[in-house]
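Sharing a structure here in structure tokens format.
Labels for the chains are A, B, C and D, by order of writing; each one numbers its residues from 1.
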């Protein structure tokens, strides 16, 4: 069963991201919304991927970010290539295509 | 698919109150159904009809009310969390001897059993954290 | 009879610290109940439950607690209904000086 | 509402007891779920292990005792308590300091619990 992990807190909060990483199973996905989209900045993204549990996964986690929140914060130019942007429509589709969602905050 | 939404953030303290509204709108646009939107923790403030943002700011309470009119949504505010934070309907205002009520009539005050039922009855439950 | 106790429109104590056995007798009188030993053993169980867990028990748990401490003959809803007609958990809680319940379940 | 035994609800608690009302509201949710005979599992992670300390005396900070109310859950029929072992170690807590009988779980087991749950609620 696939879980969509939803993160909404900025990188200053280490806990939600680390929990999301610890609960991550293969085939799950991570969606960054609200201030968690700041994880896509060039300086913070490597730190996010370096979270021990994510680094230890056999395959790289699938990471999405909410386009509306990225655009709102003026950071659309720097989104890393491996972060997939989704609109609210895509957000809905992600919740439907995963068996459940877990919100870490 | 049948969804329930849990809103834990208050307008102006957390973006999640707005995210939850946008998400619910997108859900309905795509033809999904919403079993219930449950307002808990600080999310109960979304139901306060006395909230009066400036005209060029979003009024979340009114937006939920409009969405309810269009889609007949079940908007439930946890009664314990609501009353403790000053979100009361007329019956609770009478019961607790308060001078006025303030809940927007698109919302119903009810017990946590409504959240239990929502998790039981829905295919998906999406929480918008505080 | 006229009472000097400070209660709200539903007869609950406004200040829980006002509670005493005398006050309990007055609240009971307001409810049309004269407290007997049978009432008191139940009220004592309720107060102990509240001091232990800081919550008022739901009806099912109320019955269960009375059954555990006083046995089958008294630990059933008929006995409790006889003692506290109408809504036993609510009325007994009121007399025992527990907080006014939220209109929850 | 009829209980559906095929559904498992995982309630994940992650907040310390007095940082906000969330810890309290999570217990309230569990009590309600118990009243409706739902099949729930409680998992304490991160700061939430601090909710379990059995010597809390919060009267002087004008708070109700979270541990006391948590310890009512078994009477309400909830018996599945799991705790993030690493969080216990992080805060140096031992079993005898805790107000509930708990099972310690590893990150792998926690991920499996989430994977196998029908829904999860995080408080």
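Basically, a residue touches a chain if its C-beta (ideal position, glycine included) is under 8 Å from a C-beta of that chain, and two chains touch if they have at least 3 such contacts.
From a predicted model like this one, the values you see are computed outputs, not experimental measurements.
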Where subunit A and subunit D overlap in contact partners, by chain label: B
Common touching chains of subunit C and subunit B: D
Subunit A-subunit C separation of Cα centroids, rounded to whole Å: 51
For subunit B paired with subunit D, centre-to-centre distance based on mean C-alpha positions, whole Å: 25
Distance from the mean Cα position of subunit D to that of subunit C, given in whole angstrom: 29
Multi-chain contact residues (two or more partners), subunit D: 31-32, 35, 119-120, 122
Shared-contact residues (touching 2 or more other chains) in subunit B: 80, 111-113, 124-125, 127, 129-130
Interface hub residues of subunit C, defined as touching at least two other chains: 104-105
Complex interface listing, subunit C residues touching subunit D: 52-55, 58, 60-61, 64-65, 104-105
Partner subunit B, residues of subunit A touching it in the complex: 6, 8-9, 33-35, 68-69, 88-89, 91-93, 95-96, 100-101, 103-105
Footprint of subunit C on subunit B - complex, ascending: 79-80, 83, 92, 94-97, 109, 111-113
Footprint of subunit D on subunit B - complex, ascending: 6, 8, 40-41, 78, 80-81, 111-113, 115-117, 119-120, 122, 124-125, 127, 129-130
Residues on subunit A engaged by subunit D in the complex (per definition of touch): 1, 3, 15, 19, 22-25, 53, 100-105
